[in-house]
Every structure is written in C-alpha cells, then in structure tokens.
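The next part holds the structures, each set out as structure tokens.
Two complexes, one shared chain (chain A), two partners (chain B, chain C).
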Partner chain A sequence: MKILVLMKMVPDIVEELEVAADGKSLDREYLRFIVNERDDYALEQALLLKDRLQATVTVVAPEAPEIDDVLHTALAKGADRAIRVSGIAEAAGTRATAAALAATLSGLDGVLPVDLILSGCQAIDDLDGFLAPLIAEALDLPYLGLVSRISVDPGAGTAVVSKEYSGGVMGRFEIAFPAFLGVQGCEKPPRYVPVAKVRAAIAAGGVEVVAAASGTAVNPLEVTSMAKPEETGHAEMLEGSVRDVAEKVAEVLAARGLL
Partner chain B sequence: MTGNVWITAEHWRGSISDATYELLALGRDLADSLGVRLEAVLLGHGVQGSAASLGKADAVLYVDHPALADATGEQASRVLAALAAQRAPALILVPITNVSWDLLGLLPGRLDVPLVNFCRDATVAGGVVQFQSILYGGKMAVSVAGGSGPVVVAVLPGARSPEAGRSDAAPAVEEVAVELAEGPRLRLLEYEEPEAGDVDITQQDVLIAVGRGIENEANLEVAEDLAAALGGAVCGSRPVIDQGWLPLARQVGKSGATVKPRLYVAAGVSGAPEHVEGMKGSELIIAVNTDPGAPIFSVSHYGIVDNATDFLEALAEAVKQRKG
Partner chain C sequence: MAQAIVMEAPAPTLAGLLASPAGRQLLSCIQCGTCAGTCPYGDVMRNTPRRLIGMLREGFIEEVIASDDLLSCVTCYDCWAKCPRGLRLTDVLLPLVKEQVLLRLPQMPAELQSALSNTLRYGNPMGESPRKRAAWVESAPVPVPLLRDLGRPVDVLWIVECYAAYYPRGQDNARATARVLGALGVDFAILGNEEKCAGECARLVGEAGLFDTLREQNLATFGKYEFARLLTSDPHAFDAFSYVYPMLGFRRPVEHTTPFVAARLDDLKPRLTRELGYRVTYHDSCVLGRHNHMHDQPRRILEALPGVTLVEMTHSRDNTICCGGGGGGMWLDTFYKAKGHPRLSDRRVEEAAATGADVLAVSCPYEVPRFEDSLKVLGCDDRMVVRDVMELVAEALAE
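Right, the complex of A and B next:
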C-alpha cells in the first residue's frame, strides 16, 4: 500500500504577529513558522497505517522556512521518502500552491499513483481555498475532510473512515482507493521522536528536492488591508496576585448567585 | 457584477441549520445592495418541505437526487457546480460548518473560481463587494476585494443572527433536474453517536473549559476540582481533545457542542474562531491566559493574564472558602 502525505508550514501564532509596511501582509522579520498542526495528524495517521499494514509513506511539502526540520522529523518517525518542492512562492496563496503541487506530483517519478493521500483538512492561512480538496479535485480523487479515524481493508482496496460532524457525532464512510482524506485528528497525538533519530536523518541527507512544475495560472485574491481585528468588546482585566484575582472572581460569582 | 447571490441551504438529519438562516440574512443584505436576486440552493433527497422556511430568499432552487441524501460534498459539489455553470451566480455563500465542509472545499476547484475563506462580513460599495475575513486563528483581519468574476464565499458562523434570516414568506420553489455522470466514490455507512453515559455539556449551568494552556493531563484534576466546587463540568477546546485528555463529546465549538451556560471559565483557551462560535453565547465568560493578546479576551467579560492552572487552583480555593 502506498500513502502520500502533504504537509505545509504556517505562521506560528503563539508569537505576536505584526502587519508589514505595505499594510496588507504579515511582517516577516519576526515571523516564525511551524508545521500546520493538522498535517502532523495526517502524518501520524499514515504512520499508524504503516505500523499495522505493509505500507510506504512519502511526505511532500512546499519549500518554506524550517521545512527541512519537518521533513527530517518525518523520516525519523518512519516515513520512507521526503520531498521538498522548491519554487512555489509563499505569497501565491493556497489556490496557486494547490495547482503547482498537483502538477508537480503528477510529474514526479514513483510518487503517483498512490492508494491514499492524506493532508490536514485546514490551515490558519488558507485565505483563498483549502489545500487538500483543491488538490483532490485537480487529481480527480474522491475527497472526504474532517477525518479522524482511518481503517484500511487492503484486500478490498477500501478504507472505512470516520468524519466529525457536530456535537460529537461521527459519520462512518466507506471510500474506495485511490482517495484523498483531509485529516482533522487521530486516535492518538503525533508520536514523539528522539532528537538523535532526527540528527541521524539529517546526517543521512534524506530529503529530496524537486522544482515545482508550473500549475494552472490562478490570480491571487486581492487583499486590500490587514490589521489586528477591531474588538467589538473586551474583557475587564483583573490584575493582582493570583489569589487576589481569584478572590475578585469569587465575588463576581457570588454577586451573580453562582455560588 | 450582474449575477445573483446564492446561498447553500444546509440541512442535516432532517433540519435546516441555523447557519443557513445566518447566510440568508447576509445574502439578503448583499443581494439588496447589489440589486440582484437572492436564491437559496437546496440539495437533497425528499427534503422539498424544507424549502418553505427559506422565504428570506426570492427563490429556492431545489435539486432532488438519491445521491444527495447523505451530507457529503463529493456529489453536492458536482451538482452545485453544474447548476452554477448554467446560471452564473455572482456569489455563492457556503457556511463554514462540518456538514458543509467538503462542499465548501471542493466547490471552488470544480468551478475553477476563487474562494474567500473565513468571511465574517461583506459589504457593497459602488457595486463592488468587499469581504472582511479573519486569518491566523483570529489574530488578523483582512479586507478582500471582490473582483469581477464569481467567487465562493466561506462564511463563519455568527456573521449575522439566524433570526434575521427567518421569514414567514413563502418562497418560489423551482425544482431543477440534474444528471450525475458517475456514481458515488464514497458512501455513508452510519452515524455514530457520542458515547452515552458521559456528561452532556450542553445541559450544564457551569462549564470549566480547558485548552492548550492547561499544559498537561494531570492539571485536568484542578479543573475537575473547581467544576465540582461550582456544580458544573469540565469541557475543552480542540488541542485537549487531540491529546486524548477529554473525549470528543466534551469539545466546545466546531465538531463539538454549542453551549450557553450561566458561567463559562476559559482556562488556557486562546479563543480560535472554531472555539468561540461554540461558547460566545454564555452568560458570564471568565478567561485566563498567559497571552494578553489572546482573542478569547475579546469575547470575555473578565480576563486574567496568568497561568491557567494556578488560577483555577486559586479560584477553587476561594470558592470553597466562601461556600464554607
């Protein structure tokens, strides 16, 4: 069984974000990047399938700051092949990235066809489209998003997957290979990998680099301004030692009849 | 821009969702400003009765097909794309909900038009639509120019109130026949209900919500202790569910529950839009977070910049003292 995992980097929003001088993009000076969290769950799903079945896992990601760390980590965790795709402008947007990745994947030796493509079902910077379904459509694969459980019947060439609806209700679907699943979660958090193993992966130089094929040209959305959101309201901030603050909150609760 | 404004009428397990009425309210504003018609597109099987509640629209386009019975975007996006190719709407508003998720994801690709994602409002000036979206988990707001071609708009919950989208007027219903070239490549086997026996967080007066800032599973005990002292229950945001510290049935927000308790304590919850949509209607919201810029503070009544666990511990103590 062959599994392809698509990953990408996103701005780390734990850091303070600032608007660039152009007034419509992020200031990159202090920007840090981390892997899109849902993509990490997609990788874990792929590795879980590899643990249970005979599978090969290939990870593909567009070039971005720190992406090699992510790809080396994926190799250290058990991925068989990691490929960085260079030449996709980050500012191009999700729609153009999807077009370029779809074109690149189709032209890469030994990557397609696969049985399953897994990727995060969303990212915090997906302004002009969601990456996973756009690529699924470009590759003409059936797509199901918000998936958090996958079990595969290799003989039948199908997977039974659970998709999250609301209120904790899940829908169980049967989907035939080849298929594209947009991953939301996993039965367990992404596995830990010791730094020594990552170092070994770096030393082995295992990340392949390929140039992006040109995808269908798409015009990016025209962002006319970016700013920190104007707040419609704001909490009354309570200050002091944690004990003092807790006491003030208890007073509020008492006044509201909540004690 | 001369095309009409479309909204997709979302229904799940027999009911039209609130998100649909929110879209109708936003769509009505846009259609009136643009001087075009508002049309609701209802896709399903045997759900024509639902069209009656969509009177805020000028017309309902109803497509009935057995392949549209399940809430999957795979077929619905094909049908909607075919219909849009014939009738050329200017805007197609789709809600950002789990039920509409795949339709939303696939439709722009099928139509080869851009998506404007995370939209929380849209206005018209000089015949041009300007979209207001939020990005980076609620940390930035962007304005996006509508341009000249058609676009799909992904609308966040809460863009309008659902009440503003309800109407007693009977809409004109046009049934449209479609042909689906290929069979479904996936099928729904069954719905799985959340495990019975656990607490129903939608029925609690007091909820202590824990997020990433709770740091580790052992600290959940502190939240449980406060919940017990106040007669409530513990719930969580996505990262806590991802870690397996709480079951999915305890999640607030998208994929989880929408709650409106008398007291909601958000401990170490950053306030991503997917979480806020599920709790912003709570009567009293108290948030504690180490990040003074956390979006949760903009929907809270009281805020504390501190370590979540330390605060929960101190509050439990203060509550117990008062209760004697």
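Right, the complex of A and C next:
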C-alpha cells in the first residue's frame, strides 16, 4: 500500500501577527511558521496505517521557513520519503498552490500513483478547506473531507472512513482506492519523536528537493488589503481580595439592574 | 531517492550497560532496599528502584523498559542521598535506560509531550513566545539590562529561566531578585530573548537529544558574551550548568540566587528594615538542598529578616519531602493521577501547614505553583502563602 501525505506550513500564532507596510500581507520580520496541525494528524494517520499494514509513506510539502524541520521530523517518525517542492510562492494563494502541487506530483519520479493521499482538511490560512479538494480535483481523485478515522482492508483495496458532520453526527463511508482524504483528526494525537532521532535524520540528510512544475502557479485572486479586527470592547478585570472582588461584582450587577 | 535511514537507538544490553563506568555501578548495589524505602513513590511503583537495579543486572532490561516505573522518578535524589554504596541512581544510572522507556510508551503523556515539544520549538515548556521571554523586565523595580545592549563584559550573567520569566507568580520572583541584585550593587545582565531553557528536566525525563540541542544553543549564546559567572534562581538549571554543561567545556562559576545572596547578607542587612511579622517554614528543594547541600544559606537569610520567626517541618534538610516537580514531574501530574499515585506536593504542604507557619518559603520556581495548588486542594490557602526567599528579602528591603 502506498500513502502520500501532503503537508504545509502556516503562520505560528504564538507570535502576534502584524500587517506589513504594504497593507495587504503579514509582516515577515517576526513571523514564524509551524506545520498545519491537521496535516500533522494526516501524517499520524498515515504512520498508524504503516504500523498496521505493509505501507510506504511519502511526505511532500511546498517550501517554507522551517519546513525542513517538519520533513526531518516526519522521517524520524517513520516516513519513508520526504520531498520539499521549491518554487511555489508562499503568497501564491490556495488555487495556484493546488495547481502547482498537483502538476509537480504528477511529474515526480515514483510518487504517483498511490492508494491514498492524506492531507489536512483545513488550515488557519485555508479555513474553507479548499486546498485538499482542489488538488484532488486536479489529480482526478475522489475526495472526502473532515475524516477522523480510517480503517483499511488491504486485500480488497478499500477503506471504511468516518467523517464528522455538524451537531456531532458521524457518517461512515466505504471508499475504494485510490482516494484523497482530508483529515480532521485521528484516533490518537501525533506521536512524539525524540529529538535525538530528528537530529539523526538531519545528519542523514534524507530530504529530497524538487522544483515545482513551471507555468502552473497562476493566482486568480488578489489580496487588496489586510487588517486586524477592530476592537469593539474588552473585558474588565476586577482586581483585589476575594471580598473586594465580590463587592465589585455586586456593584456591577446592581448598576445593571440585575439585583 | 533517499536512502533508508536507520535511526532506532538500540535498547541497551547488559554488556553495553556494564561497558561504561556509569553502568558498572549496577554491580556495586547490595540490594539493601534503602532506595525503595526512601523513594517518595516507592510504595506505589510496581518495581521499586532496588528491584529495577536487580532486574537490570540480571539482564531483564526489556522488562524494565516495558514497565514505565522509571517515569515515576521525580529525581528527588533521595535514593542517591541514602544509598550506602553511594550509587548515582537519580542522575546517572537510571537515565541510562529512561530514554527507552519514553520511546516505548504506547502514548506519551500529553502534557509531557507538549512541554518537550514546546521547549524544543520555543525554548520554554509553556509554549510562550520566545520574544516575550524578557517581557517581565518592563515591570521590574530596577533596570534589568540585556547583555546584548550593554556591549561590555559583565560580572554576573543572570539566567532567569522559564518559570521566573513567564509564569506570573514566577515573575514575582524575577522582580524580587532584580530588586535584591540592585540593592547589592551587583553588576548583572540577562540574555533576554536569547535565553533558552537549560534543559535539565528534559535530560532527566529521558529526552537526552533535547537536552543536547538546548545545551548547544545556550553554549553558543554564552560564547558570544563576556561574563565572570552565571547566576540562576532555578536549581535544575544550576545543576545543568554546574555538572553537565562542563562536559562540553563550559568553565564558569555557577551560583544559585539564594546562596549568592546569603554570602552577601552583611552588605544587605542594614537595608533589611521592614518588619515582616511572618512565621515562616522553609522547604528545602531536592536539588538545591539534598543534591547540593545548601540548607543553611536560605535559613541564614530568613533569620536575618526583621520580624521573621523560622519554624522547621518534621522532614527538612537532607530528609526533605519532594514537591514532585523534578525530572519531568511538572508535566506528569495527570499521568501520576491516572496511576493512582498521590500528589507529592500535597504531602509536603500538609506537613508545612502543621507547623502553624503562615509562609511556606521556597528557593525553586517549580515549587510556587505546585504548593499553591496543593494549598488550595487541601483548603489551607486561607492561612498559608508560598513565597520565594527572594520575594521575602525584597519585601523586607526599605524603600
């Protein structure tokens, strides 16, 4: 069984995001990037399938700051192959990135076809969750998103997949390979890999670098402006001893006619 | 195509263990069981330290690794302190197999995983922004210079460490320490956002690779500057800088704030004029107290504070009771709870409350949140507060 995992980096919101001087992009000075959390779950799901079945796992990610740490970590966790795709501009936009990745994947030696492609179903810079289905469409693969469980029958080339709907309703689907699944979560959190193993992976230098297929990255959307949400109000913190705070709470309630 | 990468560190073999001086300590054990009796979790571990040593030297290494008993070690150094053969169980012998225990866990405890991942990525276990490490300086009562900005050698490089830099009650300690250093006229500076966790707890929980990474990063930062000595309020960092960083050539005196101030008490005494009126009991931290025998210095300071009456707990000095936070214990509370282990800080706070003191004084930043939580759990938070010794000194300083 062959599994391909697509991962990408997103801004790390541990640092406060600032709008750059151009008024339509993020200020890069202190911006850090972190792997999209749902892509990390997609990798974990792939590795869980590898643990149980005879599977190979290939990870592909577009170039971004700190991406090599993510790819080396994936190798240290047990991925068989890790590929960084250079030449896709970070600001390319979801559609252009999807087109570029799909075209690049098709041209890569020994990557496609696979039985399953797994990727996060959403990212903080792709809340609508377009990237994965757009890639699936470009590769002419059926897509199912918001997947939280995958149980594979390797002999039959099928899998039973659980997908979450709003209101806590779960749907179960039987799918045939090949398929593209947008992962929301999996049965356990992403595994920990000791730093010594990541350091060994870095020393072994196993990340391959390929150039994105040219002529595909056309962005049909333009960001015209970016701004922080306007502050419309804020919480008032009541300070002091328990007695002081209790009195202030009573005053607030009385002032609003609630007592 | 990438080549296959072989990265699985092999599980240690008996021959492998016995090939190193550290591992050969196994052969010196007389199986007296003192370690099992003194271990704060000895009564709830499936295999006590004595049994673990017995199993290791009979070659039952897989069995030791498969049981997760080693994760119950909160590195209190009690087994080491009491061992009649002087075996370094805590920081040398047991860590030889502890990494494998972590590796084989079916699921890493979530809080520990997040603390270790955060420490690698952000340099602190809380996952706070590395750019906010020196944010507390803005509220410091005296100027706290960054070494980078000073542009000159400094006498004392103060390593604030994670809990004092980020944790709100830890920042009280940082501000108090700044005030005391200022009062003493110490020529000091901090690294600010360049500082990263010293890594001692990562090392002792079995994450040697993370420790190595942090040590390399910190040593590279130290190498950029000139300073005569290191000062830290975190006993774990004190241990790392004193005993483990030197293995990579770091050669600078290392001091902990409590003994540092105790040694300069005569200079400070004329300014310690504010009457505190507290009945104080002092908790000896495992690392500063039991491991480094610095029992007298904090007591000398407390006795010099106006209006402080010092009372002792039943277990003090080398017999102190662990707060349960060392060696990764800070991030294993849920794991221990699931196993039915008692919370060690509760045991300690019960004893502290029984003294009738109204202040529980500490010298380790881990103890403030641990003991404050226990005071609330035990319903004693209306009659006792936890204060770092430095906070009490700063309070006693005249304006």
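The rule is simple: the second predicted complex is superposed on the first by the 224 of 259 C-alpha atoms of A that agree within 3 Å, B and C clash if a C-alpha of one lies under 4 Å from a C-alpha of the other, contacts with A are read in each partner's own complex, and residues count from 1 in each chain.
In the analysis below, contacts are C-beta pairs under 8 Å (C-beta built on N, C-alpha and C of every residue); 3 or more make two chains touch, one makes a residue touch a chain.
Keep in mind the model is a prediction, meaning the values are calculated, not measured.
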item: Touched partner set for A:Lys188, first chain B, second chain C, both or neither; value: both
item: Touched partner set for A:Arg81, first chain B, second chain C, both or neither; value: second
item: Contacts of A:Val147 with chain B and chain C, given as first, second, both or neither; value: neither
item: Partner chain(s) touched by A:Ala55 [first = chain B, second = chain C, both, neither]; value: neither
item: Touched partner set for A:Ala138, first chain B, second chain C, both or neither; value: first
item: More chain A residues in contact [chain B versus chain C]; value: B
item: Footprint overlap on chain A, where chain B in one structure and chain C in the other make contact; value: 14, 16, 188-189
item: In the complex with chain C, residue positions of chain A that touch it; value: 14-16, 30, 34, 75-76, 80-82, 110, 188-189, 191-192, 194-201, 204, 206-208
item: Touching residues (chain side chain B, partner chain A) in the complex; value: 12, 70-74, 97-99, 101-102, 104-106, 108-110, 114-118, 130, 133-145, 147, 185-194, 202, 205-206, 230, 241-244, 247-249, 251, 254-258, 262-263, 284-287, 291, 293, 295, 297-307, 310-311, 314-315, 317-319, 321-323
item: Contacting residues of chain C [partner chain A, same complex]; value: 1-5, 7-9, 99, 102-103, 107-108, 110, 113, 116-117, 120-122, 127-129, 131, 207-210, 212-213
item: Complex interface listing, chain A residues touching chain B; value: 11, 13-14, 16-17, 19, 24, 26, 41, 95, 98, 121, 124-130, 132-134, 136-138, 142-146, 160, 162-176, 179, 182, 184-189, 218-219, 221-239, 242-243, 245-247, 249-250, 252-254, 256, 258-259
